[in-house]
Structure formats: structure tokens, C-alpha cells
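Lettered A, B, C, D, E and F in written order, each chain numbered from 1.
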Amino acid sequence: MAWSVHELLGRSPWFVHYNCNSCNGCDIELLACLTPLYDVERFGMLHVGNPKHADILVVTGSVNHRNARVLQNVYAQLPTPHVVVGLGVCTSSGGVFAGSYNVLGGVDKVIPVDVFVPGCPPRPEAMMDGFLRAVEILKRKSAGLPSAPAEKEVITVAPPSGPHAEESDAA
Amino acid sequence: MIFPFLKTLFLSLRRGPATRRYPRVVRTPFPGTRGHLVNDAGKCIFCGVCARRCPAGALVVTRTPAHWTLDPYRCIVCGYCVEVCPKKSLRMEPWHRRESGGARGQG
Amino acid sequence: MLHNVTEVSAESLRDTIAARFPQGYRFITLTCVDGGATWELLYHFDRNYELSHVRVRVPKGAVVPSISGIYACAALVENEVQDLFGVTFEGLTVNYERRFMLAVEAPLAPMVRTPVAQAAARAGEMRM
Amino acid sequence: MEALIGSQGLTKMTRNELAVAVLVVLPLVGGALAWLAPWRWLRSAVVWLTAGLSAAAGVYAVTLLPFSVTLGSWHEVVAVVCELMLVGLVAYFAWDERGWLIVGLCAVQVGVLIFEWLEGAGQIPVIKDAVFCLDGLAGALVVIINVIGGLILVYATGYMKVHSCHGGGRGAREGRFFLVLTGFLGLMNGLVLANHLGWLSVFWEGTTLCSFLLIRHEGTPEARGNARRALLINVFGGVVMSLAGVVAQRGGAESLEGVLGSRLTVVFVLLCIAALAKSAQFPLQSWLLGAMVAPTPVSALLHSATMVKAGAYLVLRLAPAFEGSAVMDVIALIGGFSFAVAAALAVSQSNAKRVLAYSTISNLGLIVACAGIGTPLAYAAALMIVCFHAASKGLLFLCVGAIEQEIGSRDIEDMGSLLHTMPLTAGVTIAGMLTMLVPPFGMLMSKLMAIEAAIEAPLVVLLVIAGSALTVFFWAKWIGRVQTVSYHARYRLERMPRSMMGVLVVLCAMVLGGGLGSLAIYRQVIEPMALGAFPHAAEKAVAALRAAGQLHSWPILVFPLLAVIAWLVTVWRFNPGYVRLPYLAGENRDETELSYKFTSVKDEPVVAWATSLYFRRTLNEERITPWANLLAWLLVLSLLGVLGGR
Amino acid sequence: MGTVMALFFVVVVAPLVGLVLNGADRVVTARLQGRVGPPLLQPLYDLVKLWRKEPLVVNRVQIGYVYLHLAFMVMTLVLLALGGDMVLALFAHAFSALSLVIGASSVRSPFSRIGAQRKIMQMLAYEPVFILLVVGIYLRTGSFMASAVGRLDAPLIVSLPLVFLAYLVALEIKLEKSPFDVATSHHAHQELVKGVTLEYAGPYLALIEVAHFYETFLLLGIVAAFFVRQIWLGVGVALVVYAGAIVVDNVCARLRTTWMVRCLWTVPVMLAVCNIIWLYVRRTQGG
Amino acid sequence: MNNATTSTPRRTVIPFGPQHPVLPEPLHLRLVLEDEKVVEAQPAVGYIHRGIEKLAEVKDFQQNVFLLEHVCGICSFIHALAYCQGIEELMGVEVPARARYLRVVWSELNRLHSHLLWLGLLADAFGFESLFMQIWRARERVLDLEEQTAGARIMLSTCTIGGVRRDLSAEQVGQVLRGLDELEREFDMFVPVVIKDATVKERLCGVGVLTQRQAQELGAVGPVARASGIARDLRVTGYAAYGELGVNPVIETDGDCYARTLVRVRELYQSLLLLRKALRHMPDSPIAVAVKGKPEGEVVMRVEQPRGEVMYYLKANGTATLERVRVRTPTFANLPALLAILPGCELADVPVITLSIDPCVSCTER
């Protein structure tokens, strides 16, 4: 589908960024993605401030009691098709802040998330991988294909003598 | 000069883009970069020290069955566990860990 | 280790602090520590890189006079302490009524340790 | 009409006379009957009937065009008597209102009249002209007065019903209100028909009195004060006009035609000053703003559609004779100045009626400026503005009246959500405003012509350009506010007296239709009239006139039409699922009674709001007006100076 | 036949040219900033994408003004291509901008409304320049018809050099480039988020983009066809002007709205006025 | 007839943030405007409050080093430093000399990247996108240096109680020094623009003036205080190796956005100087000492971060977990100053003024 509409659709993924409970680490790395050394505009990505113009919602940080409603509002203003990308471990689990009285947990507690990028903060390269993945999902959604929410797999290591040497299974 | 930035602008034009063309060109990480954590199954004795020290609670170690489990979506890649592991079973790889997403396989 | 600590009572707090303002003390911040049955409020000051502190101990549930009328910048931190510890400040110039750091849905006075204290904090909440 | 006149038995001459008589007298009689009517329904019926008849009469009269009516010399006596009576009445009211200055002016006027009388008796040879005449210009005004005026009367019956409920109605005063309002039509008809300066003066004075009475109608201290100011300025105009009569008599002319023929510049200047007062041009504009305390139909009828046009009409009528003179340049400047400054002040207003008042002053200024430019194209532009402005502005006033009755405020900032609460009125208002500034409609085409006509006078063209830009500013703001709605799945028509609603719809249709056909009207009607007014115009000027009629009209009709169709299709196929709350930085709440709210400090809801720009600091009315008046006075004085220089 | 060709050109080819120009703008901007930037046809991809998105709105009224915005923009080009009246074209163009203003202010969105107000301020700043341009052309040709320009012996830049300078500044505003991108901005983030286009999404935003392509073509077309008049030279000059606009965009901070109006009314408008006065004087002396 | 007159606000009220493109951090200001002039600005915070102070009472005192580093991703190292120094004082640990020098190196790298980041964002706030790009391009060099020396771009995680966790080889020192030279050349590309360009000065000069008296009374710290003429820089107190290296606070007196910019621009060069000095005179010694036992007692530790003074109050009771960890960050201290200078400015200046205090909401709310 090299020149189909959906393909073209993936060439212009505009994103809006909402900083939930982030420590700024992820945010500044996200901004770094825009700057000359990484320049995600190569993929047609633009940082728009307005959720109504966005295809991708990029979230950094975990959810707390006050920003949950903001996140929901921003999410509600995204036009379909849209994709949500969570950057950093905070968005998946709360990261180092998990367990605090004001950390409800990962972003997927409040809105469905399509891509999780691990790292604290993820390097810009990892973020770009995440964005490209998001673009693929965007194309699928635009074509009406189903797309499952992101999974958070854990890595389990058992002694090599054992039946499973190194395996991963779903959390 | 009215526009002092003009010179800089044309200099950047001449210097060419500074962009690292990831993913087409992949940069080798600096040695010693903390990218992601791996456990050498052969060395690990499942003592659980790493899990007790981990500031993010990303590790779970059980003796029976002998499992060392890392939640990469919780690990802050600080490297503290590497430092405290008595068997030097853990190490940091310089490459970053890939994302997880719904369309895996189709990309 | 802490030097230059002045212990005062809640009643004389405002006077002590008001006396410092014209002397060029800069108000750094206020620290609240859960001291079991009491709240320990520690006001930190700086003058020429030299720290000094004013400490007040009040029983939980008591009302503490606000110093935001003297040091305007203290209003923010007093609001924060009010949110996190359930201390009630009297005479706050800007009162967020416990909606400063924490939203409506968040737990009350989460920094307080003991259940007893939580109850006291809640009592403070009732009064507001 | 035919039947009434009995077409067989009457000569052409008497038919003309009858037409004039009907136009002048019928409304006066209708007004008197309305006054006497004991019940409101009867009063309304009388008003409706009068309105219908005079509209028919007006249209009929225009079919007879051009004609003139001469009378025996008895009419001069009648005119003087009428005039004296009117001055007496004015003096009486002025006395009542303790307007001593006005009383003094009345005395002066009586003096002037007597002097004129005596001098006239001294047998200065005067060319006798027609007393009344109806040419194209007057015809246009007659149609406006009777058709639009008639509609406004009908509207007024509905309006006053509601108004009385709100204002603790005292029926007797409502009767008087309709006496004056209906009778005014007759006086106004007389004014535009009059050729004889004496009669012109009579009707001039008569409209002044009507305006005064209607402004005073509410009887509040503010209303009385404003009425006094209006009276003062207009009586001043009247005195100047009487003076003009004296001078004209000495020059051997007693009619407008005579003045035109003998090019009596002094008379022209004096008449122009009188006209400036009537048309509320700077520096004599203040009364029109005060006049806005009157009930809205009054503003629509007298203070935008008809009476204030009288001044511009007068200048326009005389302009062709003085083409190219220095006086005309100054007139053009005064007009241009009023246009620009009034537009600027309109920008700073949030009171809808004041905006409309300033806009009226501004547009009258443009007419005066065009008259002052004095080329066929300018003349045509002026005529276009007279027609289209009367219709659109009348409509807008009626809308504001309806809106005010519903929301109890005339502040533009309060007019958000109107599209939901009163969709019809809001829609009509928006349409009316759009006709004031969108290309296919007449007002914009006339502005275009005004600019093209003014091109030879650099200063005027600058003023006209500045004024146009500012005009756009305040209309855009207002349209934006009226259109502001949240999403509503259904719209229910508001409740309003049927007469009001009907008039709004009819007038709106007229405005839209006429506006769309503006180029056709221009080619068919205005162009010949302009050519007729300037029989000796230079070839280049005629070419410019024709060129303006040859604009590419299909794009300006087709493209907006396409847009409107596209919009209708979109609305037709609209899916409510597309509706989202506006961007409020992620803190939206779902409550929308007044506006959207956002969660703010202490998690409490706050209304998000953006007021429009009024530049209250820079365009401060109180600060600017004195300076503008000073400048305008200098211009008026230079008008006299030009005179002296000759 | 010539008319049909001209119409085809301005209705069909113009937006494509505008699209490529805008794509080039983004590439050049990126290179000036030391980045690689998007592909040249990025605006096309954006359009296709926007067209496929959900058309979110706040109310139904605002939609009409998008269509009006586009319709009047095309109408401006058509009128000029037909050699029609320039004042009319000017009005059509002004109303095109005005539709955005009205559309943006008919939603209850404070950012959008403030953007609309700023857009009006922009209009107040640049419209005089356009009007003076038309006045200048009239003074040279004695006619308001665009077709009259074609009959001139010398290009307008010779007789209207100062107006040309002012026009360049106005162009910077019209293209929403720094230092004048106060009402909305294509790339940069600003305090109004997206200003006038904030509450338009998906296809409506796409239409606004298309109108912007037309406008880019129009503004540069005026440079080529009016000021220079020799076709290839004209295109060259227009491209240089565009490149200049991009460079200026990249060497300036955004200025405040009030500053913009003050700046425009003091320098460029006054320059243009001087030019016009000079023409008047020459005319009265010549005639 | 409903009376709309009473309920229609006559002034513009807008929510500025929490989701707003010029504020990457969620701060909410309720702005009340007249035309476009700000007449009232009231902040709402708590969008990013994670309860770190409470978490620090749960995790043990060693883990806290990593937790507190995440108070802020911009000056991560300095937070860890302040905390470690506090614990070291409680436990009476003497930090080896080389570790003290390395701490200065990473602190100053943090400062460089923070100031560059801020300068870029300021450029973005006044709509000078290519300047933003240029500055962030230079900033990447600092990040490379951090990654080269610490193994991470943002979360350095090199500070530990009793010293540092990584050493620099002689080769690495040379690399860093060469990197600094390149960085200085990059500075020359944009610094003249920031301080000379007419449009930039138009946006900065005379905007958001904070007088010296206001700065003193409102307790401003860091560059905000220094731009208003107050020589307040905690590096003067000589913690880590600053005592040996010597620091003179950078001072400006105008108190406007331009002065705050100048202070930070000059501090860029100051940091370069300090870095070179520290790298060239780094003594040879172990990089950490082993820490035994548990902390006990109360201490207040202050260090100078890019945004100014950060204060840690630690209370320990002889167990592995602390009784109270209190963090007062510089932005918290500068917020009152911000609120004092916002009213009266234009809406277009709000982002510029807000950024001029270099707000760090994340650390403010913890």
C-alpha cells in the first residue's frame, strides 16, 4: 500500500504533548527530538499545541489526582484516528514514584495507550522508535484494522539448567 | 548589523544539517552508557540483593522457583543493582530497550 | 547539624518573625515535621549565607498563625503545609483551602504518619 | 390608487398634485387617527393601514416621475404661517424644557422670517419655480421613506406593545408616540418633495420637532436632556436654513432649482451647514448619539433610515451645480472626516445602539463626501449608499430593538448565544451586518465606488480608506459576538409579536435581494440618474461611471454562493459526534450555561471569556471627540472662509 | 480561450504551486536551522491526512466561514486573472481574511477569539499597503482594472519602488512569518496555541491550508505579474522575495501586536504614502 | 427577561496551562486581561505533584539518592548532590578530594545544559524558532559530554553517599576539555544574537522588571535574584570543590527579562571556566569512601542549582529510613516574584516573563 491514502496518512503524524507527572527528563528528551540532531520533522512530525490538530498524544509522566482529568480532556479532544504514546517508565507504571499517595499509576489507568517506550528517560532514539511504531498503528487504525493496546512484558531469567533459559512472558 | 543571526544562519546552511539520521544511521553508544539491564543467568544465584536494593522496585527475585524478574516498564536504569550484585551477574548494555506497542509485527 | 534554632510558642511566632523582617532576613521556607502528637514547624531563614531557624511546636489540630502577612512569599508554602499535613493557618493572605497541591480526590493530609494524626487533620478539615 | 384618483377624470397635472397631497397628508391624518384611537388594536390597525397606503402611494408616485407641481402664490402665505406655527410650537416646547437658548434661536428665526417676508413684499424679482417636484433622487427617498418607513411603523406597533409592558405603559403617551411617528412620514415626504425653500424650511422644522418629541418620549431626565440637545442643534440648522432663504431671495431664487440654476454659493454653503446639522456630521454629531434613548423604531426610522438622510440629500441635490468649486472640496473633506472619525469611535463602543449611531454618522459622512467630490461616479456611489444604508441600518436597528427586548441589554458583549436564544433575530442581524460589509452586497459595492470616485482627491481617499478599514473592524467584532454559540442540536424560533417578526423577515429579504442585485440596480437605475444629474459631465468621468457598472459580477456572485451551498451541505450532513468543547488548556468542564468553564484555582470552575477589543484607552470617546469637533469646526469655518475668499 | 486558460491556471495550478512553495519553505527553514526537514511534498501529505481526520468543531456556524475564506481567496485570484477591478479584488481578499476572523470569533474559545482580534490588528497593519498599491497602480494607469497593468510600458517596480518595499513587509505579515506571526503560526509555538485556526480541525484545517496555498501564489504572483511583468524574471524575483521572507522569518523574534501595528504605520505605510504623493505630484505637473 | 448584564464578565479570563505548548510543564495560570494587558494572574499547581517527600520516608537512605535525582530531570545530579552532602554531614563522612572535583564537573555540566535548555525555550517563547534550534544544537554537545562521562544523558546517577560512582580517565578528561572548546565555539554562534538582536531586545528589555527590593522581600534566589542586583550564589560558600576553585556571583542590576538572560548567558561562560579549572586541577585520590552505619540527627543542606538555591532538610533517627526529607527548590522560591511581575504585562509577554524565572514546576511540586 505504498501510495495509498493510509500510507500518506502516516507521513504527517502531528503530535501534542501533555506532561502529567513527569520529572522533566522525558520532556526535555522529547523536545530534543525536535531539534537539529534528531529532527523528527523528517518523518513529517510536528509538535502542535492543540489536541484537535494532533494525531498522536504523547504523554510523559504518571497520572495523579489532579492531572487525570486534564489528560482525559486532552484525550477527548483528539480527532480519530489517533494514537497515544507513553514515554518513559512513569507512563507505564509510575516508575520510581509508584506507590506514592498522589501517583495513581501508569497512563493506561486513565486512557488507552498504544505504545509504551521504556527508559528513564528514554533516549531520543528510543522515542523515535516509539513514534515510528505509533505511525504504523495510526495507519492501521486509519485503515480500520484493529489494534491492541500496548502490553508491558516482564523479563524473567531462570537458571540455564532449568526448562526455560531466558524467556519473556506477558505480565 | 540589523540581523545578527543572519551569519549563523548561513553558516548552518553551509555546515549542512547536524541531524543524526536515525533509524537509517545508528550511532554507536558511548562505552559505559546505561542502556538496559541484563542478567547473566549463569552467574546469578537468586540471592535477591538486587531486588531489595532497587530504588524503583522493578526487580522480583524468588528462590523457588529460581526466577529473577525485571519489569522494564518500571526500571529507571540507574545501575544500582549492578553495583550491589555480589556475583557481578548483572550488567548494563549500552543499547536502549525497544518500545512495546499494539501493531508489533505489522510494522 | 542544626544551629541557630530559636524555639518559640505559637502565640509569639508572629512577633518573632515580624522582628526578623526588617533585619534583612530572607525567608527560605517552612518545614513541617510530624512529631507524633504535635506538629513541628521549622521556619528557615538566611542572612548572608548564614542559616537560622525558628521552631514552633503545636498540638495537632491547633491553629497556627500565618506569617504570610509579614513575608508575602510564605503564603505558598503555608498552603502546601496545609494541604499535606492538615495544619490550619490563620490569616493566610492567599488561601487555597486545601486545594493547592492536592486535588479534591486526593487523600487528606497524606504526609501525616499516624492514624490519630490523620483524624486530627480531618478535624481541621471540618473546621475549614 | 387608480380607483381613488379616478384616472379618467383627472388631468396629469392634478394627478401629480394629488400624489403629493396624499404623500404629505395621508400619514398626518393617519397619525391623528392613531392618536385618537381608544384601543390598541384599533391604533395598530390604523397604523398598519396608513403604512400600507403610504407605501403604495410612494411607489405609485415614483412611477409618475419626473414631475413637478406648481401652485398659486397663496401657497407662500400658507408656508410662512405653517413655519411660524412650527416655530411657535418649538418655542413652546423649548420653554417647557427650559431651553432658553432654543427659545432665543426661535426668536431669531421668527425675526428672519419676518425680515424675509417684508423684503419679499419689497418686490425683489424672483423666478417662480415649481413648489414640489419629484425627480430621481427624491423618488429614491420617497420609496425609502414610505416602504421602509411603513415597515418600521408596522414593527413599531408590535414593539410598543412589549415596550409598554416593560416600561409601565401609559396608553395616552403611546397614542402620541404613534401620532408623531406616523405623521413624520408625511413631513419627510414633504421635505424631499419640496422645491420651494419656504416649504423645505417648513418640513425641515417639522421633522426637527418630530425628532425632538420622539427622543423625549420616555420622559426620563436623560431623554429630556438629549431631546433638548437635538432640538438645539437642529433649530440652529433651521435658522441657518432660513438665513439661506433670505439670501436666496436676494439672489432671485426661491427654490432649490433656482439655487442650482443661479449657482448661489452663499446659499449653498448655508444650506450645507444646515444639512450638516441634520445629518449629524462632525462637529454637530452629538445629538444623534443622544437620540438613541428613544424607543428603537424611532432610531430606525428617523435617526438612520430617513430623517438624517435629509441633510445628505440636500447636499447631494445641490452638488452638481457646484462641481469642482473649492467649497465642494471642503464639503468632501468634512464628509470624509466624519466618515473616518465616526468609524473609529464606533470601534470603541460596546453599546449596540451607539455603534449603530456612529456607523450612521459615518455613512452619512461618506454620502456627504461623495456629494462633495461631485463626479457622476461619486454621485452614483452616494445614491447607492443612501438606498442600501437606509435598508440595512433600519433593519439592524429593528434587530437591536428586538434583541434588547429579549435580553434586556444593548451591550454587544451580552449578545453571545443569541443564535440559540433568538435564532431568527440573530440570523437576521447577522445577515444585516453582512450586507454592510461583504462584497456582493450593495454597501460594499458603493464603498468601492466611493473609493474609486475619491481617488482624485488624495486626502479624501485616505480618509475613506481609513474609515472603511475601521468599519470592517467593528462589524466583524459584532458579528463574531452574535454568532457565538455553543453547539445545540435544535434551534427553536423565539416568541415575538408577529408584526415585528414579519417586518424583520420582509426587510431582511429586501436587504438581501436588493444587495445581491446591487450591480443590476446600479446599471438600471443609478447610472441613468447620475448621468441625468450631470448632463455636462466630462467624458472621462462618464467612462469611470460606466466602468464601475461593468465589474465582473459573476465571480462575486458565484463564489460566495458556492461557499454558502457548501456550508448548507455540511450542516445538512452534520454529525453531532464532531462537536467538542473548545480548547481550554485541558481544563474543560462540561457546564455551558453562559460560556464554557474551566477548572482553575482551588479546583473551582471559572468562566472562560474573551472580551472584544475596544481600544478604550487609545480610542477614548471623551478624549477624541473635543479634538475631532475642533478640527471639524475649523473645516466648517474654512467653508465660510472659502466664501469670503471668493 | 485565453480567459479559460487563465481561469484554469489560477484555480487549479495556483494551489499546486502554492503547495510546493510551502513545502520548499519548510525544507529551507529546516536547513537554515541545521536540520534535514520534511520532504518537499510534506504539505500534500498533511493535506491528505487532515482530509481524512474527524472534522471536529465547536459549533456549526464556524464552518461556513472556512468555505467563505477559501471562496473569497479564489475569487480574488479569479478577479485579477480576468483583469477585473482591483479594488473589488482587494475587498474580496480582505473579506477572505475577515472570514477567518469572524469564524474564529464565533466560537467561545478565548484563545481563538484573541487570535481573531490579533488577525484584525494585522489587517489594520497591512491593508493600507495593499490599498496604496492599488492607488499607485491607478495613478500610473488611470484605471482600476488589473488588465491595465499589462498595457503599461514599464514595470511597476520602477514607479512604485517604495510601495514595493512596503509590500514586502505586508507579505511577511500575510504569510504569518516572524516577526509578525501574532495571530496564528505555522510552526512555532506561541501563547495563543494556534490562534485563529485553533478550533478548526481535520478537513476544515485542510481547507484553510489550501486557501493559504492560493494566497502564497497570489502574493508572489502580484510580485511577478505586477511589479516585474516579465514572466521568467518575474518568477525569479518572486522566488527571491519568498526566500527573503523565509530568511527574515528565521532571524527575528516574534514581536507584539501593538508593536507590529506601530511599526507598519510608521515605516512601510509612510514609505508607500511618499511614493504615492510623488506620483500625484508628477501627475499634476504632467497633466 | 433575563438580565445578562450582571453575569457577563467584562474582562477576558483565560486558562494559561496546564496543557499549553509554550509551557511544557503543567502550570496553570488564571489570567485576567483587559484588552491584552494582564491585570491578574493566579496560579494553580499540583498537576505534577508526586509526593516525593513522602516516598523518601519509605525508601531507605541509599535508595533516596536515586529517587531524589528524579525530583528534576534537568538538574538531576545536583539534587543527588545536595542530598548526599546532607547525609554525609549527618554521618560525618569526609568526601575524597577527587570526588569533590568530579561533583563540580557534573554540577557544572548540569548547569550548562540547564541554561542552554532554558535559553532555547526562551527563544521559542518569543517566537525565534531558529535560535531555539541553534541553542539546542549546542546543548546536545553538553549532553554528549554527560553521556560520555556518566553513561546517561539526563539521569547521571553518579553521585553517591561518600563520593561519586564513576571516575574519569585522563583520556576522558581530555575529551571533555576538547568538547568544551567546541562548545565555546558554538556559543559564539548564538550569544551575540541573544544579547544584541534588536527584535530579541525588544521582547526582553524592560519586560517584567523585578526591583532589588522586591527580589529581597519575596525571597528570590538564583539568577532571578542576581539579575536584580543581589549577589546570592551558594557556590560562594565553597561546598564540593567550589571553595578551591573560587566563584564570583554574576550580577546584573536591571531586573528585567533581559538582565535575567544576561546573567545566565554570562554564567554559561563562568561554568566553562569552572569546568576547565576543575578538570585541569583534579587531584588524584579515591572517588568514594565506604559509608558505615545509619544517619542520625537534623541537617539543612543548601547548594546552588541552575535556578538558584535548593534546600534539603533531613531528619534521621538512626534507622535506614529517614524521618523527614524536605526539599525546597529554587522555583518555589521564585514563584512569588513571578506573580509579582506578571500583572501589567501584555499577554504576549506572559510566556517570556514566566520563562524568565526559568520555572521548574516538577521540582517545585516534587
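The definition used in the following text is that contacts are C-beta pairs under 8 Å (C-beta built on N, C-alpha and C of every residue); 3 or more make two chains touch, one makes a residue touch a chain.
Computed from a predicted model, the values in this text were never measured in an experiment.
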item: Chain whose mean Cα position lies farthest from subunit D; value: B
item: Geometric centre distance via CA averages, subunit D-subunit C, whole Å; value: 69
item: Interchain centroid distance [CA atoms averaged], subunit E/subunit F, Å; value: 43
item: Centre-of-Cα separation between subunit F and subunit A, whole angstrom; value: 27
item: Chain centre separation in whole Å, for subunit F relative to subunit D (CA means); value: 65
item: Residues of subunit A engaged with two or more neighbouring chains; value: 18, 35-37, 39, 42, 47-52, 64, 66, 70, 73-74, 77, 95-96, 99, 101-102, 120, 123
item: Contacts with two or more other chains, residues of subunit F listed in rising order; value: 12-14, 16, 18-22, 46, 49, 51, 54, 66-67, 70, 130-131, 133-134, 137, 140, 155, 197
item: Sites on subunit D at which at least two other chains make contact; value: 416, 580-581, 583-584, 586-587, 601-603, 608-610, 613
item: Chains touching one another, given as label pairs in label order; value: A-B, A-C, A-D, A-E, A-F, B-E, B-F, C-D, C-F, D-E, D-F, E-F
item: Residues of subunit F touching subunit C in the complex; value: 45-46, 49, 51, 53-54, 89-90, 216-219, 234, 236-237, 297-300, 302, 309, 311, 313, 315, 323-324, 326, 328, 332-333, 335-336, 365
item: Subunit A-facing residues of subunit C, complex; value: 102-107, 110
item: Residue ranges of subunit A in contact with subunit C within the complex; value: 64-66, 101-102
item: Subunit B residues touching subunit E - in the complex, by the definition given at the top; value: 3, 5-6, 9, 12-13, 15-19, 21
item: In the complex with subunit F, residue positions of subunit C that touch it; value: 1-2, 24, 26-29, 31, 33-34, 42, 44, 49, 51, 53, 71-73, 75-77, 84, 99-103, 110-111
